[in-house]
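Labels for the chains are A, B and C, by order of writing; each one numbers its residues from 1.
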Amino acid sequence: MITVTGEPLLEVRGLCVDYGSGDSAVHAVVGADLTLHGGEVFGLAGESGSGKSTLAYSIARLLRMPGVITGGEVVFRDAERSVNLLDADVQQLRELRWNQIAVVLQSAMNALNPVMQIGTQLTDVLQAHRPDLDRAARRDRAGELLDMVGIPRGRLSAYPHELSGGMRQRVMIAMALALEPRLLIMDEPTTALDVVTQREILEELMDLRERLGFAVLFITHDLSLLIEIADTIAVMYAGRLVESAAAGQLYRAPRHPYSYGLLNSFPSLHGPREAMIGIAGSPPDLRQLPDGCVFHPRCKYVMERCKHESPPLVSPATVSPGAPPRLVSCWLHDGAPETSTPAELAVPDDLAMAGAAAAPAVASPTTGSAS
Amino acid sequence: MSAITGTGPLIVEPIEPIIPSGRRRTRMLQLPKSAKIRVGLALALFFTLLAILGPYLAPFDPNASLTTTTGIPQAPSIHHLLGTTQVQQDVLSQLLAGGRSTILVALIAGIVATALAVLFGVAAGYYGGWLDDLLSMLANIFLVLPALPLLIVIFGFLSKSAAPNDLLIGLVISITGWAFGARVLRAQTLSMRNRDYVTSARIIGERGWRIMMFEILPNLVPIVATSFLFTVIYGVGAYTALSFLGVISVSHWSWGTMLYWAQSAQAAQQVHVEWWWFLPPGLAVGLFGTALALLNFGIDEFINPRLRAAGLSRRALRRAGLPSRVQLGLTPVIRTRAQAERRSA
Amino acid sequence: MRLIARRIVLYLLTAIVAITVNFFIPRLMPGNPVEVAIGHIEGQVTPATIHALDLQYGLNTKLSLIGQYFHYLDQLVHGNLGISFSSYPATVTSVIRSALPWTLGLVGLATILSFVAGTLLGIVAAWRRGSWLDNLLPAMTFFQAAPYFFVAILIVAVFATKLGWFPQNSGYDTTTLNPGLNWPFLSSLLDHAVLPALTIVVGSIAGWIIGMRNMMLTTMDEDYVLIAAAKGLSNRKVIGYAARNAILPSVSGFSLAIGFVVSGSLLTEIVFSYPGLGYILLQAIGSEDYPLLQGIFLIITFTVLAANLIADFTYSFLDPRTRQEA
């Protein structure tokens, strides 16, 4: 099992994204930090409006108007180069995107041009990036790509409306892998599909990752899905990363009250019956965020300090020795003597790791470093 | 929604829109700011006043030949601000008198055609079945049938047997003008028929016409408005064209009749172009139509926010130090000072 | 091909409606204007002609309405639209036949030109939103809203009368030339067609520009366009991705527009005394030539329906989704 190489592939530091400008600007992403390693599956979870898709689009510089990146850096690294995408010009982006970083969007129906054959849509990317290939070679390679995702070559001349939803999403994955990129950004790639298809596609995706060794930034609202497939999970709330940790750690030993709430919002299919806790209140309006910690109005552990001071995303004070690094943005973990961390938010990491070892689906993760 | 289908238990939210919510409020606030709507409203108001007051303001009788000079039109002067026609009628008086008939016919045509469009479109969309088939077919036939030639034939016969009358003219024009609005309204009603609030009204036993009036129609207001403006523009065009052809009595003053006389006298072909004769009525028709078209664009942008510069005007872009032309797939990066400070902190 | 079949049925129905309406209009009018008009020409034409006209309009006949209708249909099928009052003894068919090529040539060329140029400009206007083209939109709206014949009058006044660049009227130099395939005639033909064609283009181009611009703006928000840009395709290809889709409503809207364009062209011809259908239409109105008037109505209707069918074929060629058999 190949997978995480340990070398940082993509580093996002202090990324800020606004919608609009001036006083009316909505701060959709504020100071996001994350590190993706080669071959890693990095899951980004959050509810509607949490900024997870905005973050993903911004990394690739694909966010549309009125989205504006207002700060930070997005550095892509490999053996040959280290490029800050936010400083890159059109030409550099053209070289980087699809060659190294490809994207798969939520609805494949909208991502495929309805009036063009899928073969044309697969070959034009080759034509743009592989000028040495002639027409026949491009066609051949496109057929190979379809084979790879389990679609018969004959469908090259099909139009998108002639394919099922699952097949269209496979075509999109084939298209994204056309140039064998090192990183795949996937925005809710399976949300629009039925469960069986979703499962098939995810399994195929994981197989392909093993064969080709690309990393995945997987954005979804479905935390359970991430726990199964991701090495590392980051949780977003109101434009901020509130917690990031190895998948098993996050699942068994969440540190942030919001992560904990999410994990307990829905009944578990496995394991003992537990009372559902859920999260009171509703997500905040990004134009009128509360002072202090953005989550404090909904947090049942709220303290006086939370209402005035915004907690930084740092390593929690109680990290078990030898456990992989993790980050949380919460005053409950500041380690101050007067702070009493509730037991459910202080499950020891080694316990979590023991659980992870028993569940091989969760690969050994390495997490973003504290800055 | 995998929560229901059972992939996994921990779902946060089904689908995340790329743009944060809360756009609707700014949209409401932006409406009166639209320059298109403001200019359009001002012009439309001006022309409405003209239609009401015009005949009273006319300095002369539009039919009267004022002097007994040669048959040469006079250029504008202090006596005749817009000059005279070949038979020395005052152009300004004709313009003021002719405005009422032109605008009245267009409004009648617009109101009647829109009423027909709402009636047929909403009924077809709501009831469906054979009624929908029949009405849709009728609308499609009227859409492909060339309207002006049909009107010419009708008026060719009609004007010989009945005196010109603005109400009758407007009604006949409306017959050829309802189909477009009906088709758009039908499609919209169809998409609304199965919404929850309509279904619930049906379940509690509301009558069909009440549901259409109070549940569906209020949601169609912007479309009804554009359809009305569209038919008024159409009405002006059709009426002016018919008058210009002389197929409606040429002594019934309208802007089209003025152009008919100017064209018969070859005002544009004379060595000294008699511009004061054809320019005022032509400009009046064009500006009236432009006013309504601008209002229509304004409503279009209101309905379809993609047509607006998605939240950021060009000026706002420049103020923010952004290139005013933003390229697809190249999200702009502007590092503001506040951000820089936040980062260094 | 179901789309095409459905449309053909619609056009057949429309043709039947037009034919039927054409039959009933003169019969429903109060005061019987046709009888009066026939009275005016009595004595100048042969009794046989009067009899044929009486039969055509159901005057002094014992034939039932149904009988009259079938007689009318029978005449129509044989291409007999009656005798023209104003060009007696010429038949309506022959008068129309001599005028139709002028209109078809002028309107056809000008419309294609306007559609192609307008669509391209619309694409540019959407891609470079905020450019000078956007500032032209209000002016273009004015020319869209102003009647064609007013635009024609302006163009005559400026380019023919004032500047003298092009002739003021007619289809070619009738005083010195005879129609034929020779250079002097063809160049005269072209010279005389420039201003009428310009009028039609100016009058109709704004609609294509604005329609295409708005559709492009909507289409450019689609994911597949963003993906095309992300894939690193050249700008031209990205625009092509969007334009291939954005043009579809323009093509399907063509059927709506063609009726307006043809009507506008008729009026344009009148201003330029261009020897097409518009010109003989004016003549028919002026001389109460009802058979000619009705004949022109039918011919224009059939022409517009044919143009619609061409637009439908184009649409189904451009959109694979309409081609699927289901």
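Heads up, the rule we're going with is that a contact is a pair of C-beta atoms (placed from the backbone, for glycine too) under 8 Å apart; a residue touches a chain by one contact, two chains touch by 3 or more.
These numbers were taken from a predicted model, which means no experiment stands behind them.
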Farthest chain from chain B, going by the mean of C-alpha atoms per chain?
A
Find the most central chain, measuring centrality by the gap between its CA centroid and the centroid of all protein CA atoms shown.
B
Taking each chain's mean CA coordinate, chain A and chain C are separated, in whole Å, by 57
Taking each chain's centre as its mean C-alpha position, how far apart are chain A and chain B in Å?
48
Dist(centroid_CA(chain B), centroid_CA(chain C)) in Å evaluates to 22
Residues touching two or more other chains, restricted to chain A: which are they?
62, 64, 93, 97
By the touch rule stated above, which residues of chain B touch at least two different other chains?
309, 328-329
For chain C, what residues touch not just one other chain but two or more?
221, 226, 229-230
Using the touch rule from the top, collect the residues of chain C that touch chain A in their complex.
221-224, 226-234, 237, 241, 244-245, 248, 318-321, 324
Touching residues (chain side chain A, partner chain B) in the complex:
14, 16, 19-22, 24, 26, 28, 31, 45-50, 52-54, 57-58, 61-72, 86-87, 90, 93, 97, 106, 188, 191, 194-195, 198-199, 221-225, 227-228, 262-263, 265-269, 285-287
For chain B, which residues are in contact with chain C within the complex?
137, 140-141, 143-150, 152-154, 156-158, 160-162, 180, 233, 237, 240-241, 244-247, 256, 259, 262-263, 267-271, 273, 275, 278-279, 281-283, 285-290, 292-294, 297, 300, 304, 306-307, 309, 314, 324-325, 328-329
Touching chain C in the complex, chain A uses residues 60, 62, 64, 93-95, 97-99, 102-103, 105, 107, 110-116, 124-125, 128-129, 159, 161-162, 175
Would you pull the chain C residues touching chain B in the complex into a rising list?
10-11, 13-14, 17-18, 21-22, 25-26, 29-34, 36-37, 128-131, 138, 141-147, 149-150, 153-154, 156-157, 160-162, 168-169, 214, 217-218, 220-221, 225-226, 229-230, 238, 255-256, 259, 262-263, 266-267, 270-271, 281-282, 284-286, 288, 290, 293-294, 296-297, 300-301, 304-305, 308
